[in-house]
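This is the structure I have questions about; it appears just below.
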Amino acid sequence: MTEPLLKVQNLSRHFGSGATPVRAVDDVSFEIARGETLGLVGESGCGKTSLVRTLLKLGPATSGSAVLDGVEITKARGSELHELRRNMQVVFQDPYQSLNPRMRVDRLISEPWALHPGLVPKARWREETVKLLESVGLRAEHADRYPSEFSGGQRQRLGIARALTLNPTLLVCDEPVSALDVSVQAQVVNLLAKLRRERNLAMLFVAHDLAVVRHVSDRVMVMYLGKIIETGPKQSIFSAPAHPYTQALMSAVPTPDPRLRGHRKRIVLQGDLPSPANPPSGCRFRTRCWKATSICTEQEPALTARTAAPGLLTACHHADTEFARRL
Amino acid sequence: MKKITAIHALSMGLAMSLAASVAIPARAAPDKLTVVVTDEPKSLDPCDTDLSGNSRILHNNITEALVNLSPKDGSVVPSLATSWRQVDSLTWEFKLREGVTFHDGKAFDATAVVAAVKRAQDPALACEVGQATLKGLKLNAEAVNPATLLIKTDVAEPILPNKMSALDIGSPATPGDAKTRTPAGTGPYKLVAWTPGQSVGLVAYEGYWGDKPAIPNATIIWRAESAVRAAMVDTGEAQIAYEIAPQDGTTGQDHAFPNAETSLLRIDAQIAPLNDKRVREALNLAIDRDGLIGTIFHKDAQKAMQVVPPSVFGFNPDIPVWTYDPEKAKSLLAAAKADGVPVDNEIVIYGRIGIYPNSSESLEAIQAMLADAGFNARLEMLETSPWLKRLLKPWNKDRQPSILQTQIDNAEGDAVFTLPNRFTTDGNQSTITDAGLDKLIADAAKATGDERKKLFQQAFKYIAIDTVNIAPLFHMVTIARVAKDVNYTPDVQAGNEIKLKSISYR
Amino acid sequence: MTDRSTEFLPAREHRSRRILWLARALAGDPMAVAAAIWLLIVVLAILTDAMSLLGDNRISLKARNLPPFDFGQPWTLWLGADALGRPLLVRLVQAASTTIGIALVTVLTSLIGGTLLGVVAGYFGGIIGNVIMRICDIILGFPTLLVALFGLYLFGPSVGNLVIVLAVTRMPAYIRVARAETLEVRERLFVDAARVFGGGSTWILRTHILPSVAPTMLTLASVNLAMVMLFESGLSYLGLGIQPPSVSWGLMVAQGQGYLSSAWWLGFFPGLAIMFTTMSFNLLANWFRIVNDPSQHWRLLSRRR
Amino acid sequence: MSFTYFLKRAAFAALALAALMTSAFFLVRLTGDPVNLYLPVDASDAAREAMRVRLGLDRSLLAQFFDWAWDMLSLDFGISLWHNRPAMDVVLEALPNTLALGAIALVLAFIAAIGMGSIAAVNSGGWIDRGVNVLSQAAASVPDFWLGLMGVLLFAVTFRILPTSGFGGPIYWVLPVACLFARPFGTLVQIVRGSMIEALNATFVRTARAKGARDGRVTFVHALRNALLPAVTVTGDLAAQFAGGGGVVEVVFGFPGIGKLLIDGILKRDFAIVQASIFAVAVVIFFINILVDMLYASIDPRVRVE
């Protein structure tokens, strides 16, 4: 097996100090192979954004490591960090916020080149910009406009084009379509899928919308209160989720298969997300779990293969029984 | 026109409602008089009367001196002393007026004078009189009996009675270790109250030894602006206003009187190009004094040729006044330039804001006149404290060539009060060192009578014609505005005293 | 989200349309038009004087305090003559260049200094930020007049010192606003994006934060222009600002005070000039603020109908 | 407002005050030696030196500073050189005049501005609004000292219905108050008008209107409350400025207030007066700020003082 592109081990990100820090990301480990897309789902407030920001080095890691292409992200500084930036780029959630409204598109797109001199000579910026704009479905004349003159979907295309300027190997997409109209979402997702194929991009695709994740991901990871609670290949997760939380999330997704409609009962979770500063003992999900027993209070379940579903790792004490019942 | 009437009507209405509580009297009550001056007195201590702002309120109103100077000819006339004589070169005897009491009930006698003399010379109190008029002179007063006083001096002082006219006698109860704000004297008025920032109130003293004043209540207030002071007489807020600017002093109510001040520009004769006599002469020739009179200076001001007015003992009437001759000034400058004098160096004119009315306008005009004659002059107006730094020694060695606006006061009537400090080598304001002049002034100060007069006249002539370290401007006048119904004509001493007891309503 | 993009679509015409639109917006505010005209006249007058086209300005004691509105005189004397017989109109124009020049330089200084310090304090925070803000608190806590008095007594009342003192006393306001704006912009997503591209602090400050903060700061500066002018006039009036033979409007009022009852025009006209100019700056600042605030555009544009 | 909050603010204010007083100490001394001003020009050098020794000005600046700091701690502000009595006494005579002058002008300006501003806002865009706008802009732009001079010229010199200057009964207050009134009035009208127009367009007022509330009530309860908050803030700032003396106006009218005292104090190098005035003004400003905060909280319950 080749070395993964991104290898995250026991990564934690805590906010605040003292006795009860907010554990936004708590002891998370995962890998992304070259060209692979990993979907990351979870409710808002579960730590997705903190994880992304830590990986992008927009905030420091509290502990653990994340290695991209042999470079330790959490420790990178100076020119090493600067080089690292080239390999990992991001598409942010809000295309209205992530583009400086006072910069024209050509400046927006070429900003990364200005920061990495030597990559593309200044004389070719215009040409490259047009190429990129066309590759994301925009036209050359758009280069002379301001972001405010674009629609939401067009803006997100600009964001994507800008993320590709440095030709990264890993693209982090932080809920890239959740701010867009449903009709536009599909276009942008398709664009991302196309680019991924063309450029052999690895992606970390963050979303709370499972349908979107299903469309682009190879593998899926579910996060709850700063922890990964289930991860596995797309097929396994979508067809046979073992964790009750995953099941609850799935139940909310409209199934493309018409035969299954009406057969599945929608699971509505009770209660609010507990405070990450003071998570429940044992299994973190137990306060909202309909299957919780005493063991869930006492022991924290480890992320292990618990079912026969191939490649599926689940952190739930009751995952096996669930699987058994299904059969 | 219509608009103005409307505004008038509106404001009238507004004023009516406001005036209900306090109205301004269009005409003062006949028992009250308000005088407006420029500044609040700094002190009301009898030993500080060397400052005109203090002495106007105190001198001959609240406190009196042993003698007075006659406003007519400067001669010494009796006041609290009835007669005096010189016993020997170092001793003077004064006979004191009897039956005089201070406002606080204490009797006026020789011991009171002894205390006052001692107090005025106490270095810890730093009295104005002790440090200016009596400077360099040690007085030792002895009471022979209650009505006879002996004053001994450490050096011969031919004009001791003149000097005694500046020393006001306060009550023996005046504290010896601090200045007082509540003076008690023997004068026709006693102090009622000094409300800081607002006014000083006086009331006639029942037990005054002389004629009772016509107006029993007097108030002295102060305003910095001459236009405001002038307007106050018109509005009835005051009956007498001092130091009205020339542009306001044009009505029949305005009385101009010579105030013993002489305005001049002091030339720093030690710095090039001003160390060349031709340049200093050119400077004098470049100033159009006639053009300044009647415009920026009052029409009654007199062109000066020396630094004391004609009333001063030692004044020399034979010194020619500078004529206005810019062409000659130019040729003098050219001649100096030909000899390598750096006449193009920038000369600063240091002015003092408000030293007399229109002080900055006068310098702006003079600067323009100098520029016309080919001088490179820059004007800098200073506030009093930095101006004093330029006036008084020590000076910086590598200073810019400069001309300083100043005026010299000689109310005491003798040239000795003007010359030594300003024109001798040791003088703290002197820009010249001339051993001959030093000796001349020293000899004059010791001499008496005609000899004294002759020597002083020589000194003035020498300064005006040989050293030329000044550009004398004018013997100044002060303008006082007096309300129509008030009977008062200011005299030459009005700059330093308001003779309240001589004022009456018509 | 209002998207006015369709209004400006063709890129080439963007700029010229913007100017047109500004003109339209100006026309929508008649007071701003009047203000602009007044300022234009003042600027033109200053320029004319700079090219010495205004004619004779010599001292002429014979024309001292010549009354105004004597139209038989040369036109420069229509507003009368000052205490030294110089045409008041010419003096007013000369004073205008001092007064407005000082106001401009002061505002520019405090704008640049205050913005830089405020942005630094907001972006980096920490000890430097704290020190900057505490100094601001102290300066703001005490009357401007006092700070100015000290400054001018200490260093002497020259034009340069006047500018420094005024700039320093106004600066805290700029620092506070710049800091608050920076704190807000710093958290924007596009700043994060720039960081992910490898932008360092300097880059982010220069290309993202400063341009975002600038419009607010410019609005503040335009309001301050009027304030500084009034303040300079006050100081000059007190004898702490401009000194003769230089001239400013405030000083002219102060000098005119001595002629209050004999030649009222000496103090009247310069005061009027201060008022008109201050008012013009205020009105234009108001207009500028509205122009820069999309939610208030209607006020300017709807009036035309 | 909690007591601890007050203490916290007081502590900060005390620190700021200490910093200011210290800088004032050095600054006034840098403005020059008072000795020349207080002695006749003919005084001898020995007399000058004697006075320096008497005032302690011959010692090192640091030694003077420690002495001064010690006196400060015991609230001893020294003797005024010019007035020849305790500096704080002089200051405390002037301060009430200034405070009264400022308070009268501000209260009048505030009331007038609320009235004018709301009338303009209700008639937004109309003739009344334009008139008010021009008037308030002019008032906000007029130099107060010039207004004072013109007032004197018109009402005192020409019509002779008001005194030129000075201090005394109510009539002496008319012109100074009018001068100080102008700028706050102009500024506040602008603010009240602006925020009322905004508030009148805001949804909550429409809601209130939809509920059937009468127009007058809508205007004066909702919009006015909205406009009061910025108006109070600005008034507070202005009050703090005025506490330092309506400096220029006090000079114009010879009004015995703290501003004039301070300017005279600096002109006369009367260190004790300058320091005592700064101290008094700073303390007043501190209380004004607290007062504004309390007012703020009482107008808008959402603003919690913390």
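Per-chain residue numbering starts at 1, and chain names A, B, C and D are given in the order in which the chains are listed.
The rule is simple: a residue touches a chain if its C-beta (ideal position, glycine included) is under 8 Å from a C-beta of that chain, and two chains touch if they have at least 3 such contacts.
The structure presented is a predicted model; accordingly, all values stated were derived computationally and were not measured.
With steps allowed only between chains in touch, the distance from subunit B over to subunit D comes to 1. Of the two chain pairs shown, C-D and B-C, the one joined by more C-beta contacts is C-D. Taking each chain's centre as the mean of its CA atoms, A is the chain most distant from subunit C. Each chain gets one centre point, the mean of its Cα atoms, and the points for subunit C and subunit D are 23 Å apart.
With centres taken as mean Cα positions, subunit D sits 58 Å from subunit A. Note on chain placement: the centre of subunit B and the centre of subunit C lie 46 Å apart, centres being C-alpha means. Inter-chain spacing, taken between the CA centroids of subunit A and subunit C, is 51 Å. In subunit A, no residue touches at least two other chains. Multi-chain contact residues, meaning those touching two or more other chains, occur in subunit B at positions 228, 231, 234, 383, 386. Of all residues in subunit C, those touching 2 or more other chains are 257, 260-261, listed in ascending order. Under the contact rule defined at the top, the touching pairs of chains are A-C, B-C, B-D, C-D.
Within the complex, the subunit C residues that touch subunit B are 58-59, 61, 64-65, 83-84, 156, 239, 243-245, 255, 257-263.
Put simply, subunit B touches subunit C in their complex at residues 225-228, 230-231, 234, 245, 247-248, 250, 291-292, 295-296, 353, 357-358, 360-361, 363-365, 367-368, 379-381, 383, 386. Residue ranges of subunit A in contact with subunit C, taken from their complex: 53, 56, 58, 81-82, 85-86, 88-90, 92-94, 96-100, 102-103, 111-112, 115-116, 141, 144-145, 148-151, 159, 162, 165-166.
Residues 31-32, 34, 36-45, 47, 50-51, 54, 82-85, 90, 93-94, 152, 154-157, 159-172, 174, 251, 254, 256, 260-261, 267, 269 of subunit D are the ones that touch subunit B when the two sit in their complex.
Those residues of subunit B that touch subunit D in the shared complex are 7-8, 11-12, 14-15, 18-19, 21-24, 26, 42-43, 50-51, 123-124, 126, 128, 131-132, 135-136, 178-179, 181, 196-198, 221-224, 228, 231-232, 234-237, 383-386, 388-389, 391-392, 421, 428-429.
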